[in-house]
Amino acid sequence: MAVLDVDDISIRFGGLQALGNVSVKAQELEIVGLIGPNGAGKTTLFNCITGFYRPNDGRVRFLGVDVTEIPIHQRAAMGMGRTFQQVGLVKGATVLENLITAQHTKVEYSAGAGILGAGNTWAEEKVLRQRAMEILDLVGLAHLAHRRVAGLPYGTMKNVEMAAVLATDPEILMLDEPTSGMGPEESHTFGDVLLRLRKELGLTVLMIEHHVPLVVAVCDYVYCLNFGQLLTEGKPEDVRTHPEVVTAYLGEEAEEVA
Amino acid sequence: MAVADAVLDHPDSAERAKSVVRWIPRLAAWGVLAAFLLVFPLSLETFHAQRWSLGVVFAIAALSLNVLIGYAGQISLGHQGFLGVGAFVSAYVVTVHQQTFWVGLLAGALSGAVASLLMGVVALRVRGLYLALVTLAYGRMAQETLFNLGIFGKGSGVEAPRPALLLGDHAFYYFSLVVLAGVLFFNWRFVRSKAGRAVSAVRENEQVAASYGIPVSRYKLIAFVVSGAFVGLAGTLYAFLNGRVDSQGINFEMALFLVLITVVGGLRSPAGILVFTALFEVLPTYVGDYFGIRWSFWLLALGPALLIITLVFYPGGVGQQIKPITSWMTGGPFRVHHGEQFVQEGVSGRP
Amino acid sequence: MQQFMSALLLGLIGGAPFALLGLGLVLVYRGSRVFNFAQGEFGTVSAFTAYLLSFRLPIGISMLIGIGVGVLMGLLTERLVVQPLFNAPKVTLLVATAAVATGSIALQLAIGDAALRSYPPLIEGNAFEPFNVPIRWQQLLVVLALAGVAIALYLFFKTALGTAVLAAAQEPVATDLVGIGTRKMSALVWGLAGLVGGITGVIVAALQPFTPGYVTSDFLIFAFVAAVVGGMTSMPGAVLGGLVLGLVQSFSASYLADIRWISDNIPAVGEVTVFILLIAVLAFRPTGLLGKEA
Amino acid sequence: MALLEVEDLHAGYGALPVLQGVSFDIPEGETAVLLGLNGAGKTTTVSNLVGLYKPTKGVVRFDGEEITGKSPAELVRRGMAMVPEGRRTFPALTVLQNLKLGAWVRRKHDKAGIDASLERVFEYFPRLAERKDQLAGSMSGGEQQMLAIGRGMMADPRLLIIDEASLGLSPLLAKTVFAVVDRIKADGVTVILVEQNIGALRHADRALVMEKGQLVYQGHGDEIRDSARLRETYLGAPA
């Protein structure tokens, strides 16, 4: 069974068809790449999957459950973790605090008990803290635990953001341009980290990525979007050399189409 | 076993001794502070008990406003309206329904929470500038209508007799400090637990918060409830401090005064808020005594100027300026941690 | 019939100051995207100045100088508060302008005192008494000023300069790129706001004895509600909103107060209706009656 | 002589350096395309050219005169206009009002010239003429792009910089927009296109490729289309 099964999604904004009949699948433990030029609808697709947009047509199934109608936070609680193009973190808080915040759905005490400082909350806070530190260790950010997010370099923030999403304990990790702001070496390291995380945490990954070498290196399967339509899909090597993909990226045929 | 654990935790007893030594000057500083707040008032010939207690009341109200503006990023320019609800309801419960002061205190906190919750429901739909306007209009409506209702004495106000235990000026002042300590405790647990973190995430970015599984609307409402309960307590103290409550004085000037001490004190900085409230509420009494009433009007004009200067140049407020001291007092070094610069978000999290 | 007509007349007359002040609020909102809580004080300070000068100078000249001081206050507010907070969230600016207002009130208290003051109206006495409702000349002057300011602002926004002001509020970067200069436009908007506020102040101050902070405490919230009801970006909307608000107040004062239970149990029922009106508009029609933008 | 000369430009935001010594010349009458991936520093470069930001180091000359750090208003007067990224049309103003604001610096002394420019813009984009009383905010992305270019041309510039002209446009609209760029060039205006889309090369005499705040390639369009390095940058391996 597919972890994520996006079936024939369409969405319109005003007169603009942002996505037309797009279907995407992610099997367990797969790393799936989503490529395509700017404005192709990749982030829109993410927003449909995670519940920020309601598609006009089509269904989203997650772990076998139809989640098309349920709100964002419930999908997150089910195990959908995502990052944002513009880093999504509480910038005034420290790295560690962010990772604790991200464990929201794992906290067992009620909001009220926390405010009153009821008995078990103190102990549980310690556990949350420990788990956060473990994740920071795992992604190699432990030395930054007590730094404020606001002062960190952009590339580091992106890594922290991914760590925060890992703290939500996701079944699927959806990354929106994880390597933007990173140099080639950092991107390369990031690929290694991603492969390791999949193995250690048993993650399924769906990622939007512009850096094609990284996509080729880590993805098991790739979808290419263009103008809201699925241009092609397949093994990374096949997609990369697919003539229409080459032209979509180089933008030559695009002009001839009309 | 327990001993072994303790040794494992502190393998080096010299290290441990050092940490005890480290705390000696800090404990001394805490002692001086406690003496100033608790013992010094006893030695004053004319102790402005009203004024000192009022300072504590406003500190609690400012901590309440800090929950809304600082943590939740929701503006309220009608906070005096919630303070008033707490004041009137607690006085009403005690005077008309013959309940004890303690029941009144509980009723004050609850009614403040409920009134604030209702505003929270409005805030789910109305945002930013428009919410500011709604809260402002609410404050005015509360002053003109709500607090002049028949049950609240039709404009003549409600008696708020203190219980025997709190009749003395000093007694009431100490009791106010106890309530303040309670509010500080809850504020601390709020910030360091699930609810406070969720509320901060919602302030910073609702989409990110939702993607962490946080139900955005629910936590906005929780922030309003917590804030309302705090200010309801402040309102109760306000009523019983004066012995009666009427709608005079619970006006827009009070709302703006609360915004002033909260923002200049420092959003998300309870210590800064307490220090600035103490300075700004208690000092003018003495200035007025020594230099005459006109001086206190000048001081009144100084407040807004301070507010603007803070907004423009020191968005972290007093809290940011005294950071080295608060850091040291709580066991850290006498400096600002690296990367702790205040993130400029202004009064509200979003534009 | 008598009751209806008198409520109608009183409502229209009573709404005119809200509309006049509301025009200033809409002007600043269109030109700076700021809710200007100092708009009322531009008026009170002008009135205060005119009052102080009127002991030495003819009232007309005092009023002109008073309006000039209003303009100056608008420009100073822009330079010292709005400009430095250009990139801050708009709610921060709202709080800052509210601080300008309270600072101004405190200064009036420090310089003068809390006593009631009044200066003679430009024209004494009643103009006419339709349906036994006495309408004073000064009240008609408010309506005239409203018409004059509304027309002048309407014409201003038809000019190239008026368009440039709107552009600066909508897209500051593009405004700079075409060479307009966002800062200059901002100063212009606030200067004009001071002018409109000043005119409002010196005219409404003659309606009744005034104290420090008079325009703010008696009119500002209602002017805001009027502007929001009108749509916040629409000049005709502000005028319409002001009149609607005046009518809502006078009709609720007249008819609701007739209902025994209400007059016995709900003090200042007009305040409640205004509050409900505000929430209802924001919840169900956030663009107001005539606003186009959200 | 080159119309625009950029020498050793350094710039950034706050303490964060973005550009690290960028130098290039654009001869009058040519169209240049500035290529690079997200975050390469393209928008930072042009924002510093037109005066939206002040460079921390380096010299910019326009028509032989130094213009480093001058205000956008001054630069528009000298004949340098920019169509910003994301169009940034004035949403609550009509198409005609938007266009007229583009000619702001000429409004006093060149009324006839403005009318001529307006006619020319309507000729480039007949769609704008049809919709001249419509609010800009209610138009589609493509129409807003046309309007933004039209507004830039209303300044009657000698150099027009267009940031991401084809971003988010359908193939047909992108084609229309690039066709107009060709006409603008034919009318004697020097053009800099900032693009991620290599297809823009066919409309350019000269290509500049940026990577990580530095210029890594300058040359003629036809040379670069076969460049293995460029293909590598975009597709990861020589294809």
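So that you can tell them apart, the chains are marked A, B, C and D in the order they are listed, and the count of residues begins at 1 in each.
Methods note: a contact is a pair of C-beta atoms (placed from the backbone, for glycine too) under 8 Å apart; a residue touches a chain by one contact, two chains touch by 3 or more.
Everything numeric here is computed off the predicted structure, so don't read it as measured data.
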item	value
Farthest chain (mean CA position) relative to subunit A	C
Pair of chains joined by more contacts [C-beta pairs], B-C or C-D	B-C
Rounded Å distance, subunit C centre to subunit D centre (Cα mean)	44
Chain centre separation (subunit B, subunit D; CA means) in Å	53
Distance from subunit C to subunit A - Cα centre to Cα centre, in angstrom	50
Gap in Å, rounded to a whole number, between the CA centres of subunit C and subunit B	33
Sites on subunit B at which at least two other chains make contact	345
Subunit D, residues touching no fewer than two other chains	none
Category of the chain touch graph - line, ring, star, complete, other	ring
Chain-chain contacts as defined at top	A-B, A-D, B-C, C-D
Residue numbers on subunit A that touch subunit D, as the complex places them	15-16, 37-39, 177, 180-181, 183, 210-213, 215-216, 227, 240-241, 246, 249-252, 254-255, 257-258
In the complex, subunit B residues that touch subunit C	75, 77, 122, 125-126, 128-130, 132-134, 136-138, 140-141, 144-145, 148-150, 154-155, 252-253, 256, 259-260, 263, 294, 297-298, 300-301, 303-305, 307-308, 311-312, 344-351
Footprint of subunit C on subunit D - complex, ascending	50, 52, 71-73, 76-77, 81-82, 84, 88-93, 97, 100-102, 104-105, 107, 135, 151, 155
Contact set on subunit A toward subunit B in their complex	50-52, 71-74, 76-77, 80-82, 84, 88-93, 97, 100-102, 104-105, 107, 109, 111-112, 114-117, 121, 125, 146-148, 150-152, 164-165, 168
Contact footprint of subunit A on subunit D as seen in their complex	37-39, 140-141, 166-172, 174-175, 178, 196-200, 202, 212, 234-237, 239
